[in-house]
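Letters A, B and C mark the chains as written, and numbering starts fresh at 1 in each.
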């Protein structure tokens, strides 16, 4: 300690404080550096909106993957958001605190289960079920949506619970004192007060769904085509990168990094949005 | 027509309760399913013998080593950086534009998908720095990935140390660093350890970021410049290539037990921390 | 008597708001100065200016001069850490650090670099004795300080300050949360301690000032209204506001 001195310590800490932001910039720099030149050369329009992904022939239109990613994410939100928000409301308003103290960590624990395990369940249980009950190949947009919907549950539930619990007890008491039922209080007072936190939880869940890779590769079927039904096999942007990265070279590899650029930008926009919404909640209190 | 509030109340409780039960049931099913299919495969032989024939038979010993070594390296790099970042943000500066930017960057980094970390690790550590597919590349990539987790949990833990302790320490002639070393860090330690455990848990389960940076070699690594395969990657390859569903289940069960054990330890420590506070 | 503190035109701003207005006063050594005044009168801000604790909070600015033994503690190059080793402080709420009674007392000396065990043991006994609690805890020095009662914790805080062997002791309403018996013990200790130290006591309890202070200063709305020998302040104050306050007619 005396060797470095108080000023030295402060300086060292100040330098390390920039580690996270430097990591972010470094990642942005390298991904953009690899991907942007390709986008400029190939044209953003042709890259994003053409459906001719054929690396051997030098054609790199990723529209089928864009559509697949959007649909899969949308499907995941349809499955995960209502369940997650309903669960969060039920757990924080109707379940005794002691039970909740056990259930909430359990649910958060599920966020730690490796995504490959979710994918595997999709392959072994969900896909056969879809194939026999609904038809199609089983490994499909629908399977991916359901698995991703389940995967985002912990994120949605945990952040929603935090924001519902942050609503001052006096709001609820005020409403109940006016003769409202518990449910009226919840949907007219509590949920409204916790709205921004709940929205943020859904946006963060969305970010997780768009970015998820391994589980999607395992259950979505990976066919490069624009989906026409929920039972079609699809390939997401992330899956496309992971599947072809191991053997891609030259222009092909650049196209995959360019796909990474698109993902990176979308995620940063979504995250910034969620962060701003969450911050607003903090200031309001 | 207006339904009586008492009935809407009942309806709402039923729907919400049903949704909650469904959620819990699905999540519990996943764990039980994997453990039920996988646990019969797991024994000492499975854990301590090498994989044979690409993993079709034999055990998972080298992947066990990979699963220990990679997160360990990640934590050795990320923990000091993350802890000192959090200490700097909470103890050494006031809320300014700069700290806001640092926090925003941390939050953004936390949301970056693992495939992007994989791409970055591949182009930066593997290719540009010439480290190749190696434990070093994989560990450093994972360190980047878990840095935000450690920063956030440490920040929370440090903020939870009562302000009055700091005041007393300063009033007794302590410098800032003495206060951090003697009061803040010892009192925030359980919270910090929780963050570290969560970081390890996340690294153990990671696949996309690891497969492009540490590779997937089944050989026993002899140095940090060797490629290695973690259990998560091994499981992914077994399941995807359909090599052996039996071994896949076994690996998945081992993986889940490891992740659960680490996270439960983290929660247990957090619980003790909270109990001690109040 | 020597002049320990010479405060000249001290003004304090919090986030641009003037909360202490050009306060000037001299504080002599080896006596107790009581500072009284209603809430928000600036007495705590004033007290904390004397060991530069205010500057740990954002938005603090001080003007004027505070001379300790003739040296301006706000002057360039004056080290706040050195200052706080000379000027100890006991806060309103008792704060035992989460460590043993022994470690609480030697926290300051250890920071100052004292490692010798005999010396530390000696400091612990001396300080706890001077804080009137040696007999209560001498067999339980390993016990966590958090398990002491409120009154004991506050005396532990006093002992912790004494162990630094300071020159000045600042007390910020040290008895506000304590019962009468604990309060009496603290007052007894302070009366004894003033022989060796300069003591500055901020109190909400005018009777406490009347009981133990040699000099009393009355603050109101960030200004020093008057200061003088305690008896005179309580029996023949010059200003009407002081009279109103000490007789309880203030409102």
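The rule we apply is simple: contacts are C-beta pairs under 8 Å (C-beta built on N, C-alpha and C of every residue); 3 or more make two chains touch, one makes a residue touch a chain.
Keep in mind that what you see is a predicted model, and the values were worked out from it rather than measured.
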Highest C-beta pair count, chain pair: A-B
Centre-most chain [mean C-alpha coordinates]: B
Length of the line joining the C-alpha centres of chain A and chain C, rounded to whole Å: 55
Length of the line joining the C-alpha centres of chain B and chain C, rounded to whole Å: 48
Separation of chain A from chain B, taking each centre as the mean of its C-alpha atoms, in whole Å: 17
Multi-chain contact sites of chain B, meaning residues that touch two or more partners: 175
Of chain C, residues touching chain B in the complex: 51, 53, 56, 58, 81-82, 84-85, 88-89, 91, 93, 95, 97-98, 107-108, 111-112, 157, 160-161, 164
Complex contacts: residues of chain B adjacent to chain A: 5-6, 8-9, 12-13, 15-17, 19-20, 22-24, 26-27, 30-31, 33-34, 80-82, 84-85, 87-89, 92, 101-102, 104-109, 111-120, 122-124, 128, 144, 147-148, 151, 175-177, 181, 198, 201-202, 204-208, 211-212, 232, 235-236, 239-240, 245, 248, 252, 255-256, 259-260, 262-264, 267
List of chain B residues in touch with chain C within their complex: 94-95, 162, 164-175, 178, 182-183, 187
Touching residues on chain A, where the partner in the complex is chain B: 1, 6, 9-10, 12-14, 16-21, 23-27, 30-31, 34, 82-84, 86-87, 89-91, 94, 103, 105-107, 109-110, 112-121, 123-125, 150, 153-154, 157, 180-184, 186-187, 204, 207-208, 210-214, 217-218, 238, 241-242, 245-246, 256-257, 260, 263-264, 267-268, 270-272, 274-275
